[in-house]
């Protein structure tokens, strides 16, 4: 039975359980809903959950565990002599698996009988030929050991599958009966269902934690490795970023300071563009614009978030950079040497971030109760005064959230930085000079040509880790600010 | 209550004459409103500039120059070709021979040789071979073929290559353009709408005529299904728990900060995580949209959670009180009342999060979706999720890096398709959001 | 003019429905309810009176654990309903609130249609078998809430588009639609004209036959008219709790007397 | 007990402050106010009475154009204040509302501190030169709003954490802090105990010396106590508008009579 | 898994894509998947171990390093077949209509781009702003060079074969040693590039360099030969030491700036992953990698010793000699 079928069956049992649970609960009070503790649908849901969740959990665990177990058993049975030199047990196992699949395919195509596939031992060439006839991929030279292992593998997989089907279905049915037995008037079905729902909600929330753990884990070992090769002090306080090729005696200077500075500078410029434009757009959309303008302008602005960053990068390189040079360059103020600069990247990134601020803030501003606005208008406040002093403070947490999101995006962006701000790490106050960011360097060090166990490559992980910690600090600060100034309405 | 008289009422003023202070306030009001309008206009102007430049740069991708010719391949030629290592080259040679013969027969007044025709042709051997392998009955019979010309000929037709700027090279010589003109006159080559671009998969760097975005659209589609199917429910569920049920303590603060912080993790780091967890640990296949979708889900979750939480926070507590007061459970109050009211914010988060996910390349680099990947359409759902495929931004990114500038046009054309995809994807969310928007 | 009443009838000793002992409520550091003991009888209307800010709403919200929703609010002491401690960990606040309905001081209709506002409670409690049943419940509740005539033509218009008094009656109708055993009403007639007030009072009187009703009111007249028992709160203390007639004619505490004669506020 | 008043005093013919002619208000298709003509005199308290949902709040909100904020609301007819049409295009609603203050039916304190709630108006209108000035204004307004004693120790606590009646008085204090020429009060005492009500009525009486006050009330007694003129609304119509004493003793329209005697609602 | 999986260098990617496409069109094997992501990332995944869920082939634009071979071995990847597919020429090109940058020497590049140069026998901070200031034959145009960023292997070639050579030729290296530096330090110091904005690192692809050149008439950029040849109508190339870059001059070694390109095959996967060996031999077949093949047509400099390499593939000769 294929997986889809099994899944379908479990769900079908759950669905039937739902219907039965409902009716059973109802009939326990002779159809009087009011005597039930919970709505009939909760009794149904209780049965459905009890039959589906354990069964599906077992199914998932089984699906993960069975291949591991079967491979383990089969692979430990392969004699060492069957493993060619230079190969590995793992590779032989993949051959075994391929043979098993080939046998399956051959049986399906009719070039082998089922019993032949299960037991043929003598003639390797014949087996190979029959598999080839069925358009199966075969090992170049099939050995008896591999064939035996393949057959064993096939048999075990088949058994496992039957066992799994049986166990899962039995669990589903048992769960359904358990749920059905509970379906009587006094049973607190709603509470049970809600408890399960809450567990699901908690599981969803834990995913964020898991992701964080995963990220930290995937960074931390390589970071440690990096620090065994490169002095941490120089990394954290070095003011020069000049990686060179490890083949040449490791003369790299890997100071994070210029990169952090570039990140900070470019993000500030980007936010200086995105926050006012985004916030004012949000205010205009939610407070001034008519429904028609709003219905059109808001989704249009959101398109800005969906344009691939490479387009923004090219826009920075080809349009904004030269434009800025013509104003601030030699012919203008003389502050700018070339088109790639903090300003170029910052402005373009700011454009991309407009919808992050505008759309989210717009929703939050819109959610501020009208009575607050009325209160302010009633005192003779103008619309703008009302917005500035009543609406925005009430919407503050949401707006800060939106700005943080925009800032996060600015910190995480690469393409615009590479094309707009250049790749050179520099520590300068002049926003018309080229700089680069931590993220851009993470990407370039990770995808570069240097050898993968050199500090020049591993530094990418240390950069990632540092950035993670720095932004964590910023977020804690933001949370503190929000807590301090939040105005909770009603 | 006596001191009322100490404070004489302010001088009665006419409503029609605006006093100085009000004038100032009104001016500031007008300014404020103007800032808002300007902000929107700036945003829209940027959008317009970007849109115009995208469309201008991208339209050439939608036309191509094709050869229209009848070809007869004999059984002998077929067998000879199939014996070669580079079979496709042999097919191409047959085509060139027959075209030369035809030109001679038609008495074209331009000097040409096989090499010149080869320079004008795109890579057509693959198409020819595929055709005859699929239809052996066509051998020996004349068959009408429509095959792509080389990218330089394309450039000549859309004005990018001119006789003045062209430098003789092995790719094209100035004299070849006379041949192009002659062929054009003879009706053998002409421009046509480039369906291939919309339907085909990626092609190699020397074959711009065969390149299409279709397969990667499918890849993106499956990825977005994963992202939407996972990040929206998980994100909303997580937000509901954190905002409505979680006890307010240090630990939930930690989670809150953590989620905000996840949003700031560079997307390539999610790629590192995805490679480690999904491919190396869970043994999911390389380059699979399922893996891409999972990685992008992790990346999109913070966006959705942050916006959902903000939206949930904005729902007035009196609504919750009202529901609890009639005996609804907290769960019911949230799902029946609070969630619908928070819907606009949730949908906005989804729109923005998906837009971001759709355009992201960096994490795909690490899980193998960037490069020369999409070659076949998947048959069926399971393959769609599991077979190696590319995604639109990855495709665009690789095209943009290729040397032949014809791919540059394709990259922009791909961006147009991506934006159309994005708009289609968002339209439902946008309409839904409008339905849920209300003031209270 | 308020004649067709059962008022003078059974003030006989019915059993205790709610009994509160040593209840203390804090909002952060503010001590809002100070050691209140009270016994609320079944099938009786109990009025809470007292100056604004004395803690009436706070105490009322303790009785169905609505205070749980205010983060900074802490409740101490015992509150028993039908002899069961409602702050016990085994008690499901949801069931409690289904049993103890509430009309809030500030009308808070759902931003849904009038029909759905009323139908929500019956739906989640499974009080109606089908649509027709539900229609009947909605109409009956709106009629008892004395608002049917005004809204019968706009049942599907949003509840938030009603006038202040209409919203108040809508909330009353919503609360009785679920047929709670105890009904807590926080100034249910504050925005109502005398006629509507009379209708609501009639409703309360009628509810008393089966249920226990607690009403917060600022109108001494109203308290006198509808209640059998009256509790007088002052600065978070329960100053006096007795038969209504006793309180209004012969209060024991000087503060009560000053209040009902209009001397302290 | 409500003695120290200027009530019987000047009901003499002062000049007209507000005059409304042929006012019609629609909410979408609902015709909420039907052709109302009314003249509100300066230095007078005018009471609007009428059953719940008859359009009192709606009409009140027309007088300072608060209806502008409701999308579906359309107002027709002329409303003149000091002889100037407030719906004229030259009129700035902001200036209008500074001149015509309002207390809403549902208390709506800002989610700010109590102090900032009061100081908000004076700040935007520039009524205080400095912090000390503002402190004076805040204290005075809170005192006049009869809430100073309750909040003087928690001026920097959020206004939303007050009890219902306290919020109502806070909103009254907030409205008078800007010293409007006309004060519209929509059921300002609905959540107040008798003492607080008396204090607010005293305030109204005092305000009348300089300003024009319009008050919506459901309490006939209150209307009789504080107002010199009374308008009776019914189903969107202005049924009768006359001296308060006349209305309550000798109404012309049978509907008015039925209402004040408690027969129609 | 029934297809060959390849990952690695973005420089090799174009050639690999041509081969992969042709392999799919001309054989019955499925088209290999070729991922890009950089030599280092590709080798890293290559060395993660043997088995179905690891890649079969890693492309690299440099030779695998000893450290990497060691890391590979630790993970059980011991038998690696190294296949050199040809050479990548590195050229200096500028806008068609820009100043006449037609001939450079390493010394010119060093003088233009080093932070310290020798002027009148003394080592001083680079004072030059125009090319003509140190070489009258060069145009009087502002110095502006777009050089590969430090992530690129091309940077290494550029530093070693151009800058370091210039350093020695101009006498700067000697000046440094005379100034008290050790020989090694001086060698390192020679590779430095000025940081005042006249030498711009490009972390992106050649298309980015091209875009920068187009936006900057005075700019001179570093490109791969294939890229330049594909864009001859936009770019003009300069000679180095008087040699014009071309496939011939690079193949013979006359033109100094070039580097070999490789791919690495896991021997253990041969025979397990269908089509792997066929792919490797297809790649280096004369029809593809030969001077007349499509790879050369695209711009790869064919390996003059292609026959040897074909033998390596067909005999599955692993690195370090073993069979």
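For reference, chains read A, B, C, D and E in written order, and residue numbers begin at 1 within each chain.
Here is the rule we use: contacts are C-beta pairs under 8 Å (C-beta built on N, C-alpha and C of every residue); 3 or more make two chains touch, one makes a residue touch a chain.
In this text, all values refer to a predicted model and were calculated from it rather than measured experimentally.
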Exercise. What is the minimum number of touch steps required to go from subunit B to subunit D?
Worked result: 1
Problem set entry | Set of chains adjacent to subunit B and to subunit C | A, D
For this session: Any chance you could check whether A-B or A-C wins on number of contacting C-beta pairs?
Result: A-B
Problem set entry | Chain centroid nearest the full-protein CA centroid | A
Problem set entry | subunit A and subunit E: spacing of chain centres that average the CA atoms, whole Å | 35
Exercise. Which integer distance in Å separates the CA centroid of subunit A from that of subunit D?
Worked result: 56
Exercise. How big is the gap, in whole Å, between where the Cα atoms of subunit D centre and where those of subunit E centre?
Worked result: 83
Exercise. Got the subunit C residues that touch at least 2 other chains?
Worked result: 94, 106, 124-125
Problem set entry | Shared interface positions of subunit E, touching two or more other chains | 10, 37, 41, 204
Problem set entry | Per-residue multi-chain contacts in subunit B, two or more chains | 25-26, 29, 317-318, 329, 341, 365-366, 400, 440
For this session: Please give all chain pairs that are in touch with each other.
Result: A-B, A-C, A-D, A-E, B-C, B-D, B-E, C-D
Seminar exercise, completed: Note: in the complex, subunit E contacts subunit A through residues 2, 9-10, 37-41, 43-44, 47, 49-52, 61-62, 65, 67-68, 71, 76, 78-79, 144, 149-156, 184, 187-188, 191-192, 195, 197, 200-204, 208, 211-212, 215-216, 267-269, 271-272, 274
Seminar exercise, completed: Seen from subunit B, its contact residues with subunit E in the complex are 84-89, 125-126, 129-130, 161, 165-167, 169-171, 203-207, 279-280, 283, 285-287, 365-366, 368-373, 375-376, 388, 398, 400-405, 408
Problem set entry | Residues of subunit C defined as touching subunit D within the complex | 1, 27, 30, 49-53, 57-58, 105-107, 146, 150, 154, 161-166, 168-169, 186-187, 190-199, 218, 220, 259, 261-265
Problem set entry | subunit B-touching residues of subunit A, taken from the complex the two chains share | 190, 194, 197-198, 200-205, 207-209, 211-212, 214-215, 218-219, 276-281, 283-285, 287-289, 295, 297, 299-311, 315, 319, 351, 354-356, 358-360, 362-364, 366-370, 382-385, 387-388, 395, 397-398, 401-402, 404-405, 407-409, 411-412, 414-415, 438-439, 442-443, 446-447, 461, 464, 467-468, 471-472, 474-476, 478-479, 488-490
Exercise. Can you list the residues on subunit D that touch subunit B in the complex?
Worked result: 81-82, 84, 86, 88, 90-92, 94-96, 98-99, 124-126, 140, 144, 179, 181, 202-203, 206-207, 209-211
